[in-house]
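We just call them A, B and C in the order they show up, numbering each chain from 1.
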Amino acid sequence: MRDQIILRIAAKILVGPILLFALYVQFHGDYGPGGGFQAGVIFAAGIILYALVFGLDQARAVIPMGVVMWCGTLGVLIFGGVGVVAMLMGGNYLDYGVLLHDASHAQHIGILLVEAGVLVTVFGVMVTLFYSFAGRRRAG
Amino acid sequence: MEVLGLFNYWVVIFLMMVGFYALISRGNLVKKVIGLNIFQTSVIIFYVSTGKIAGGTAPILIGDDHGVAEAGAEVLYSNPLPHVLMLTAIVVGVATMAMALALVVRIRETYGTVEDDEIQEQVLADEAVEGARA
Amino acid sequence: MESVVDLALLGLLAVTAIAVVRVRNLVAVVMLMGIYSFLSAALFVVLDAVDVAFTEVAVGAGVSTILALGTVALVGTRQQRHAKSPVIPLLIVLVTGGMLVYGTYDLPRWGQADNPIHGHVAPEYLADHVPLAGQDGEALEVHIPNIVTTVLASYRGYDTLGETTVVFAAMVGVLLLFVGTGGRRGASARGAGGGDDDPDGAS
């Protein structure tokens, strides 16, 4: 679809705001609708739009398959790691109250970290799935 | 009132049955996966319906930046618990759907078709050949 | 007013679902599923589940449509006419549906504030100052207005960890099915697919 000038320009203009909106959804999730799951999918949607218009190889050059696969793994690791850190600091698994001196702030930090883990996993998995399906050649 | 109070559930059951019908009566594997998707959405609508309180509002606390309401302000919020459960269910749903579609793609590459009766024929023919060889 | 919009959206959902089953062109079916997702998202907003609506729009109408289109591009867009008679499936569906409708008469009526589901832990979640057991067991306040986020990440953190793991497992499963089984393009041999930019599976 590279020769379609309207699509190309529109996509160029849209991709940036989409990624920015994903971050807004992520960090505003405490105060309004949104959170890690939605933000991850929106972030992935930005990359997918780029891939649809500029071609899969271009998108792979921007974010290689290996990177998104590692993202999918890293997010689960962050999530689980927060729980382990809470245990090391004397609390229960995923008990954010012990992460900081002030337990209320600790809850905030804990939720933020966990949501970040969700964002990274969902982003990585969605883009990996898209790359896998789109990169396959039709058989027969 | 009696009818109105149950109407949501009836439409949910209708959608569920439409998905179920697509699953058992259509031979195309992609159509089956989409039938499952309709089924899943109907369950999600059911859960979210049970969490609704008539005249309520979304479970985002109204008040200052930290959600501390002014004294005396009584707001009716809908139940947030089904929302949380269904939010994760949707994301897991797309993950499992991707898995199912990947299986469909592999089946198409192996058998050259995604219609279940044609696949069945091929499997039976293969088994007959195996049996003759043994 | 709420229930009028609710009823209208439910009606549209039912019509779309029937169309999804009847239409034979799979590309059209996938597009109808996108409409179905948007309609159900609108319904979730009416039912006060804004977070669920947000997720449904992003995931149901966005990513699953793209994945389904990719699959249809790989497996062909025609669904074959079915030889078998639809009587037996229809009978099964009608009987099952009838029994479920009979079961709904025992359900609490929709939208009542005193339904059992609203009595258990939900009021605690909704309390202004959410009491969470701190490290010394005393009640502590979490000032996060969006209750769904609090419940998702804190109260039911184990749940969410499990869901995240399932999503990760799905990625591993799809990669296991796809990688090294042929049909890949330009992934292992970088630059090999230079003349073939348009991803058929995606457009």
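FYI, contacts are C-beta pairs under 8 Å (C-beta built on N, C-alpha and C of every residue); 3 or more make two chains touch, one makes a residue touch a chain.
Being a predicted model, the structure only gives us computed values, none of them experimental.
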TODO: Would you mind checking which chain's mean C-alpha position lies nearest the centre of all protein C-alpha atoms?
DONE: C
- [ ] Look at the interfaces B-C and A-B and say which one is made up of more C-beta pairs in contact.
- [x] B-C
TODO: For chain A and chain C, let me know how many angstrom lie between their CA-based centres, rounded off.
DONE: 18
- [ ] Express in whole angstrom the distance between the two chain centres, defined as the mean CA positions of chain B and chain C.
- [x] 6
Task: Cα-centroid distance, chain A relative to chain B, in whole angstrom - done: 23
Open item on the list: Could you pull out the residues of chain B that touch at least 2 other chains?
Closed with: 58, 60, 65, 87-88, 91, 95, 98, 101-102, 105, 108-109
Task: Residues of chain A touching at least two other chains - done: 31-33, 35, 37, 41, 122, 125, 129, 132-133, 136, 139
Task: Junction residues of chain C, two or more chains touched - done: 50-51, 55, 59, 63, 67, 70-71, 74, 143-146, 148, 152, 160, 167, 170-171, 174, 178, 182-183
Task: Residues of chain B touching chain C in the complex - done: 1-2, 4-11, 13-22, 24-31, 33-35, 37-38, 41, 44-45, 48-63, 65-69, 76-88, 90-99, 101-106, 108-109, 114-115, 117
Task: chain B contact footprint on chain C (complex, rising order) - done: 2-3, 6-7, 10-11, 13-14, 17-18, 20-21, 26, 29-30, 33, 36-37, 40, 43-44, 47-52, 55-56, 59-60, 63-64, 67-68, 70-72, 74-76, 79-80, 82-84, 86, 89-90, 92-94, 96-97, 100-101, 104-105, 107, 109-113, 115, 117-118, 121-122, 125-126, 128-129, 143-148, 151-152, 156, 159-160, 163, 166-167, 169-171, 173-174, 177-178, 181-183
- [ ] Could you pull out which chain C residues touch chain A in their complex?
- [x] 50-51, 53-55, 58-59, 62-63, 66-67, 70-71, 73-74, 132-135, 140-146, 148-150, 152-154, 157-158, 160-161, 164-165, 167-168, 170-171, 174-175, 178-179, 182-187, 193-194, 197-203
Open item on the list: For the complex, give me every residue of chain B touching chain A.
Closed with: 58, 60, 65, 87-88, 91, 95, 98, 101-102, 105, 108-109, 112
Open item on the list: Touching residues of chain A toward chain B in the complex: what are they?
Closed with: 31-33, 35, 37, 41, 122, 125, 129, 132-133, 136, 139-140
